[in-house]
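My questions all concern the structure below.
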Amino acid sequence: MDNYENGLKIRESVIGKEASQLVSDSLEDIAPLLNEKTLLAFDEADKRKILDMKQREMITVTALLTQGDTANQLRIHIQGALNVGVTRDEIVEICIHCLPYVGFPRVLNAIAVAKQVFSNQ
Amino acid sequence: MDNYENGLKIRESVIGKEASQLVSDSLEDIAPLLNEKTLLAFDEADKRKILDMKQREMITVTALLTQGDTANQLRIHIQGALNVGVTRDEIVEICIHCLPYVGFPRVLNAIAVAKQVFSNQ
Amino acid sequence: MDNYENGLKIRESVIGKEASQLVSDSLEDIAPLLNEKTLLAFDEADKRKILDMKQREMITVTALLTQGDTANQLRIHIQGALNVGVTRDEIVEICIHCLPYVGFPRVLNAIAVAKQVFSNQ
Amino acid sequence: MDNYENGLKIRESVIGKEASQLVSDSLEDIAPLLNEKTLLAFDEADKRKILDMKQREMITVTALLTQGDTANQLRIHIQGALNVGVTRDEIVEICIHCLPYVGFPRVLNAIAVAKQVFSNQ
Amino acid sequence: MDNYENGLKIRESVIGKEASQLVSDSLEDIAPLLNEKTLLAFDEADKRKILDMKQREMITVTALLTQGDTANQLRIHIQGALNVGVTRDEIVEICIHCLPYVGFPRVLNAIAVAKQVFSNQ
Amino acid sequence: MDNYENGLKIRESVIGKEASQLVSDSLEDIAPLLNEKTLLAFDEADKRKILDMKQREMITVTALLTQGDTANQLRIHIQGALNVGVTRDEIVEICIHCLPYVGFPRVLNAIAVAKQVFSNQ
């Protein structure tokens, strides 16, 4: 299995088959290289140990929450966090933990996305 | 032990007695309320379980790395992460994991701070 | 009257009863602690004098405008600014004053929100 | 032709007559000064040589992509870039080139806007 | 008195003659146009009433504090705020008021600059 | 010549041999993977045509200028821009062109770095 195939397998297991397909579909006609690069990112995250997938998704959610203007990516990775075993309580606690560092607006935006994801399950 | 005393105990155990004292010293004459608020933040992080201190420092480092213009806080919390049991390899891996989400400049800034902290130990 | 009750009273007087209720409703099932924390923030803003509510809402609008990805919060606080006596002309002038510091995109986003708020009154 | 007239002429030639009119319409009742200032910005961009309009729109798209929370402005300036001769491939390549510097979320947001603009042509 | 002369007069009265001269000196050989544009910004801030200079400097300090990576500009405008009558307590209170919106790192950075400015007086 | 070798060759030709060596030195003991990834980024920038190196460095400078807290990277890429044929006047004009989009603080920070780079030549 090459890097792209492994990346696809990991991406599907983390963000779900449907979301993974949507990423491919949204990029294949305009910038297929970006799709390939997301596959390589998942492949690498899988192969470089040190952090497990649960820790990685917690970090990803934190980075997206902090950066702002990332609602689409946050939706995918809050679902991804749930898929790899992060609990709802842990996701909400990540948001609360970030409050002193990033302030209410970023945290409330993330909570709104989490609420949406939780209700769609 | 009241909230402030517990917050001080936790802050000292996480970022170290010396750094904790420096925070107090830097704020006591100009904005002592902000010092008290950092104590309450540490008190809360201790009391609300769900995430342990190691997870919390990993999240804090991620939020600071992503936000930018946070070298001073990153220095304190990379040391804090080490103090609560995050390994050097895990800290470096957090930085690498964030690369696809935040780009090289934020990651290289964080690596430069980590290098400084590691060499001061 | 305890801190939470006073916080609620102030929050209602600043952002309006309806918006205050919406904040509570949106958080009570997922992160009630965050709702409590917003109440304490309003309680504190009320009790620590030095700046009056009008100045505080001008500062809040500026911080939200500058931070970006804050349309929801800006909507609430532009209405809040009007509620505590900031005029429409002052809100527009805050946006214009920020232009040299933050650039057109942030300012035009804020103006679009202001326009919406003004037309809903 | 005074600065405002020239600015309007340039703005129309870059972002299109319709989009130019929409900017005027959205600002004329709430903050006409901001409309005048955008006209002066286009007038200046035209008169200060050194960079040509194609280079300027490439730079503008990059700045908007990087800043985040700029979907409205990005829509106008990706169309503007096309109007002054930047090709679709070049716009996509700007997004890809920025990936190592700003990360996936900003780049994927810009690609989504580009896709929308391309499909509306 | 033309716009540039008035802008210079206002800039000197707000940020001080020495700081005003430093801005001119730092820009005159590399980008004199940017110096002229800061003069026009001060001229406009003076002529468009609605907000007085004290309110404007409070807004400017807030925008700079929130934006991050603005230590040089914050130094000038915290001094400017003092020069037009904002008190030290008000400047510290602006920082504290922003805490729930922008988080500790931005606020502590601003407090560090304020401390430096206060001690240089 | 493999991708890493070509990446090194391009990195040396863009940012200079000395700066390229400094990047390697700063990363080799703490995060050698990040050094390899910068090499691959330069390799790709070289191989995917569409934009030439001069356009790429103009875009990179714009992205760094806009992002903020990027002084180290901006220093390298303003020098890089000069090395691939962007003139001093064009670099200054990029900064001025960005003013309406990002505001004075980001632009003045970039101008200060540019001044330093120009004076070191």
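For reference, chains read A, B, C, D, E and F in written order, and residue numbers begin at 1 within each chain.
Definition applied: contacts are C-beta pairs under 8 Å (C-beta built on N, C-alpha and C of every residue); 3 or more make two chains touch, one makes a residue touch a chain.
The shown structure was predicted, so the numbers you read here are calculated from the model rather than taken from an experiment.
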### Chains in simultaneous contact with chain A and chain E
B, C
### Message
Rounded to a multiple of 5, how large is the rotation, in degrees, that superposes the C-alpha trace of chain B on chain F?
### Response
120
## Note on the structure
Residue numbers at the chain E-chain F contact, same meaning over half shared and different meaning under half, come out as different
### Query
Centre to centre, by mean C-alpha position, how many angstrom separate chain B and chain C?
29
### Task
Return the distance between the CA-based centres of chain A and chain D, expressed in whole Å.
30
### Message
From the mean C-alpha coordinate of chain B to that of chain D, what's the distance rounded to whole Å?
### Response
40
### Summary
In chain A, the residues touching two or more other chains are 33, 37-38, 41, 48, 64, 67-69, 73, 96, 99-105
#### Entry: Contact pairs between chains, per stated definition
A-B, A-C, A-D, A-E, B-D, B-E, B-F, C-D, C-E, C-F, D-F, E-F
### Task
Mind listing the chain D positions that touch chain B in their complex?
99-105
### Query
Contact residues on chain A for chain D in the complex?
26-27, 30-31, 33-34, 37-38, 41, 64, 67-70, 72-73
### Task
Name, in rising order, each residue of chain B that touches chain A in their complex.
37-38, 41, 45, 48, 50-51, 55-56, 58-60, 62-67, 73, 89-90, 93-94, 96-98, 100-102
### Task
Sort out for me which residues of chain D touch chain A in the complex.
68-69, 92, 95-96, 99, 103-109, 111-112, 114-115, 118
